[in-house]
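The following pair of complexes shares a single chain, chain A, combined with chain B in the former and chain C in the latter.
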Partner chain A sequence: MSYYFTILSPTDVPLFNIAFGTSKSGGDGIARFRFPDAAQNTYMTQFIIHSSLDMLEEAQWMGGNMYLKHIDTYPPASAYISAFLTPSGTRFLLLHQPPQPNLPASGAAGAGGSIGSSTMSLSSSGMGGSGLFGGSGMGSSGRTSSSSIAANPTAPQTEEAVRQFMTEVYEGYVKTVMSPFYKRGMEIRSPVFRSKVSAAGRKWL
Partner chain B sequence: MTSPGDAAPVKPPPSFSPGVPRVSSKTRYPERRDSSASLDPERVEPRIASPPTIPLSNTTDLPIRSGSPSARSVRSTTPQIGRTSLGSPLDGRADSALDTRSLIIRSFSPVVGVYSSPDTDELVRQKGFKGGFWELIRPFGENVPGKLVIRDSIGSSRGWEDYGVRFVDLGEICRAPNDPNQGRSSPLAQVEAVLAKQLDSTDGPPSGAIHPQDLVGLSSTSPLYKLYLRQLLSIASVSPHETFRHPVASVIAISSRNSAPLESLRQLYADTNNGQRKVPEWIHPEYLRYYVLVHDEDRDDITASTKLYDQMKRHFGLHCHLLRLRSNQCVVTDDDSVQVPECEWLSPSERLSERPEPLVDLDSDGLLYLFDSDVMAIKGFVRELIAQSVVPFMENRVAVWNDQVASRRRGISGRFMSMSRKWAGFGSSSRSSSGSGGASGNYNVSQGYYHYDHSEAILRKMADYAFMLRDWKLAASTYELLRSDYANDKAWKYHAGAYEMCAVSTLLNPLGAGSKIKVEAIDQMFDTACYSYLTRCSDAPTTLRCLTLAVELLRSRGGSAAESAAKWAMRAMDLGLVESVGQGLLSERISSCYASRPPPNGVRFGGRRRKAGMWSLFAADMWLRLGKPALASACLEEAERLYADVLGSDGVFPMPEMQTFVDNLRLSVKVGYLEARGLDIKEETGSTDPLDDEETSEKLDRRMNRRSLIGNLNPLDTATLAQLQTTRDGDSVPSDDFERA
Partner chain C sequence: MSHPPRRSSMLSTSSSAQTVTPSEKQVPPQPQLQTPTQSNPGLRVPSNRKTIYDRHLNRSRNAESSRASFAFLFGEMVTYAQRRVTGIQDLERRLNEQGYPLGLRLLDLLFYRTMSSSSSSALSSSSTSASPPNRPLRILPLLHLIHGPLWRLLFNRPADALEHSVSPDTPNEYMITDNDPLVNSYISVPKEMNQLNCAAYVAGIIEGVCDGCGFEAKVTAHNQPTELWPSRTIFLLRFGESVMEREKVLERAGVK
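The block that comes next holds the complex of A and B.
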């Protein structure tokens, strides 16, 4: 699973970008996006994010939640987009791309990098039934449950993991924005915030 | 106006030849595009054949379609409200939706076989038609002049202006089963070849009759896409699983030259029944026979022919016609010469094979002419054939089958029968069928068809007839009835066909248009159809046809259906069914699907402008890779138009990489367009290649030359070229920038 996280201002200006890969199931935390053409890697994520704003604009008036869940899909690259709205109209968008849509996730994760710890190998071997046992352990510890989110990007536990991630990022975002040196609409350059986001990514995704 | 003088700083163009990855470097070069000299020399493609006399001031703004007054770059676009809210998105779309609808409807028109005696073919060959009588009447069947009134199953009549039939050589139908085994290339490859040919023929001379700009319409359907659609819809050959290509009627023709007319008519009829023109087992043999006497106006006596015609009427009943033709060949210079209309529905293989003909005999220009009187006679004949024989025959068959077969199935006992068949233990014994094949029913598993007189085959035929008579309600309900039968018998191709046509006829039903139809249900049907076609039967052309039908019909519904149309188009691309040209066309189509979903009235959100714009840009990228800068520039402009609303007033994308990509695309489109126009912008070193249509390969060659010329093996072309350029221009550019690139 590869992730691309963007914070967009209400006027669609990107304030913050980060690309990272999953750290679960033996992932090494490096994003490996697959697009039909290797040359598209640089701009494709941004195009997909940008085009999903259409859906976001529609979805944001439909309900009162801040977390809008999975709002859009880009089928050719099997990219899924989840969104989170802040009260000030800033949008958090997370693009996630499962490792290999056609193969079971365990095989792809093993190919990605086998640096994973021994505890993870247990969960990746039972990946097929992740939809069942992943949900059960949800409340107690997010770590075990979200280890299996790579299997299905639209599964409830994925949505839950993304929600946790978004909430944590939101917390950091609020603190960053409250900084006296930050003006509205500025790009967020704070290294503290960046490390917080990647920590949240490691923790939940 | 982006004149070369005041253009924004140009970024290094990406290499857009297919193999090389596009390197979008972040470096900026403050070089000035003060003259065409700064255009990348590698891209320059001298077109010697095209007139190099176009003045520079004209060509600089050429990449933009002539409709727009000024060349705008994405960077300098100011949203033009007047333009985006032009009439074209509204009535243009409605028009084109009707257009594609009509195209789809007409593609499913009844097939009429033609079987003529040798003397008739001989007569027609004298007139210049090598294919005989069939070739002569074929173009006239595609559009029946005047309104045709058809009664549907509940007795209400409706007139159709665009009805037509396909005349097919009867021998072709009977030969059909071996057809796929002939060692030809696949139909999809043929479609692709036709498109490429069409593109080349329009692209070759830049100022030809058809401007490439016209190929990509604004929001209407582009002619190229229509051609694609038409080709896809006419791939289908005769197959057991659908009866659209089975003959509804057959024209049996003799001429007045025949010495024993009645005998030969009998002979011809016998041929169609059990001779060499006997249809395969899965085609219903009781199609209408229509007897035609072709009278030779120039040589034979009309009184004898009339007498013979009366005799024919006595023998064969009403389905007869006396067609009076002149046997002399008509040439252009004749007073009342009329050019024979072109066939609209040529299959891809025909389209590929027919083109070279005009080159062979240049003197006749490859075009055939007919006397006005002949044209009138043929038109009258076709109209009479269809209005008085074919359509009533089909109406009658539908009514009879509906009564005898379908109503039994629809009733409560029919339900029980199909239910009992599921639990085969006691169901199979009670069935009155002859049980020719598999254990589960009438399906002949080894051959993969139903015998024509089994109820499944008859129901399918009835549904197809109803469909061709444009009674979509009856058709949809019948297909629905059939779906479970085919699934039980594991007749997957039939199964897929029933699902496909059920969805199509539901979508075509105008009564359903007002009410909220369940898009999910339709999606489900298409999904099943695709799965059965592709995975179970591995029939790629039919899958693609099914998907394209889904795209077009859902798109014409508008609203959220248009979005699902876009999804189907993406699916088609995902499944790898389309090749290069098709990819470009489908990308355009996806864009137009999204664009056809306007925001709800007055609100700014809810549209799909960004998605539409994105796909338009991708289409431009694809066209550029195919070496069609003219098409690419049209797409690019379309993208600008679509993005105009969502981008700020400066027209700059908020995301830097997107902007880089768009800038690069713009530049290469512009360069590509200029060189396609034959603007000779390369002034140094380059070997002027003789004119060569193979653009991509030429480009690769050029790259080799260039690299060896420089003696630099740096794989990053942009960097080397930029280096070259800057040294040539003599600008002092900080070199640290592009070494990072």
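The block that comes next holds the complex of A and C.
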């Protein structure tokens, strides 16, 4: 499972972003995205995540919850996007990509999918946990082993884990915002904030 | 991407480039290399190793600041805003601008506190439901949020009245009344400036809250003295066209 987390201001200015991988089930916490063109990894994640903003703005006025759950999917890369909206309109977006295309109908992914899976097998060779993961994902019965929040991105456990993560980041964000030296729309550059976010990622995702 | 350089020889340049980073708010000059989670030569933390991220946001929730020091500070803020000002309108605008960022912050703080202490009902009002606080989607919940929880956070009591304009021409106008605004209690306005109401600062806070929630609004403070309450102030909220349009759409969609 690979994650890309970004904070966008109400006027769509990126304030913070971080890529990380899962630390559960023997993951090493390094993001390994599978996209057709590996060189453009960062652009792709940003592109996918920003393209979900329209969905977010639609969901924003339908319910008053801060955590909007899983709002968008990008099937070609089997990327799932969850969103959290602070009351002041700042958006937290988390893109997560399970280690193996969750739906067996990956014909849509075409050539990209095949390349992606090959890179995946390369990268996962180092760690035993991930191999185990892929195996359970292959079964694709929806309910995989209890520890795998990663394998099924729309499962209630995943939603809950993401919600916990978002809530923890929100705490750090409020602390940032309360600083008198922070103005709305400024990039969050504090290394302490960054380490807090990655700690929350290790803890929940 | 924005990691400061790791070489300690770069310390001087990296620290000068980072002076606006929020975590470096309370920094003594000596560089402390150990942060709680990573060692990072570019970051200087206070000698007690506590950055703003290590402090709990609810620590000061029941703490109150002294009224005298607030009055003094606010007096200075008015004096500051009064410099090279062209008129009363301009002065009120400047006060409003000082309050605006505070409103944005308070909004997040208010929700954080409500969220982290859903068991206690101190901040949750009838409008924002108890356990998971909801973002206000319609005008009325927003006004209740301002009238109740926000006012309690700021002044330790709810505002005194909340009214909707009776005139059919101005359905976008709402009024929040405070009989005795704290900000005005130690301010005596000279006769020739009797239009001035320094609660424009509070109006700015309200405007920040409205804007933060996505309700574009202009908020102004007006004197409306009565015999009983000589400093009674009315905050007039004028919501923008877009807000009223959305309000209609949401009403049709049945969103509360």
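The rule we apply is simple: the second predicted complex is superposed on the first by the 159 of 205 C-alpha atoms of A that agree within 3 Å, B and C clash if a C-alpha of one lies under 4 Å from a C-alpha of the other, contacts with A are read in each partner's own complex, and residues count from 1 in each chain.
We adopt the following convention: a contact is a pair of C-beta atoms (placed from the backbone, for glycine too) under 8 Å apart; a residue touches a chain by one contact, two chains touch by 3 or more.
It should be emphasised that the depicted structure is a prediction, and the values quoted were computed from it without experimental measurement.
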item	value
Partner chain(s) touched by A:S190 [first = chain B, second = chain C, both, neither]	second
Partner chain in contact with A:G172 - chain B first, chain C second, else both or neither	second
Chain A residues touched by each partner, larger count belonging to chain B or chain C	C
Which of chain B and chain C A:P87 touches, first, second, both or neither	second
Contacts of A:F181 with chain B and chain C, given as first, second, both or neither	second
Chain B versus chain C as contact partner of A:W61, first or second or both or neither	both
Which superposed partner A:D12 touches (first chain B, second chain C, both, neither)	first
Chain B/chain C common contact set on chain A	61
Touching residues on chain A, where the partner in the complex is chain B	8, 11-14, 37-40, 42-43, 46-47, 49-51, 53-54, 57-58, 61, 75-76
Chain A residues touching chain C - in the complex, by the definition given at the top	10, 17, 60-66, 85-89, 167, 170-184, 186-193, 195-196, 199
Complex contacts: residues of chain B adjacent to chain A	21-24, 567, 570-571, 573-574, 604-611, 613-614, 617, 646, 648, 653-655, 657-658, 660-661
Contact set on chain C toward chain A in their complex	1-4, 18, 20-25, 35-38, 40, 42-43, 45, 51-53, 55, 57, 101, 104-105, 107-112, 115-116, 132-137, 141, 212-214, 246, 250, 253, 255
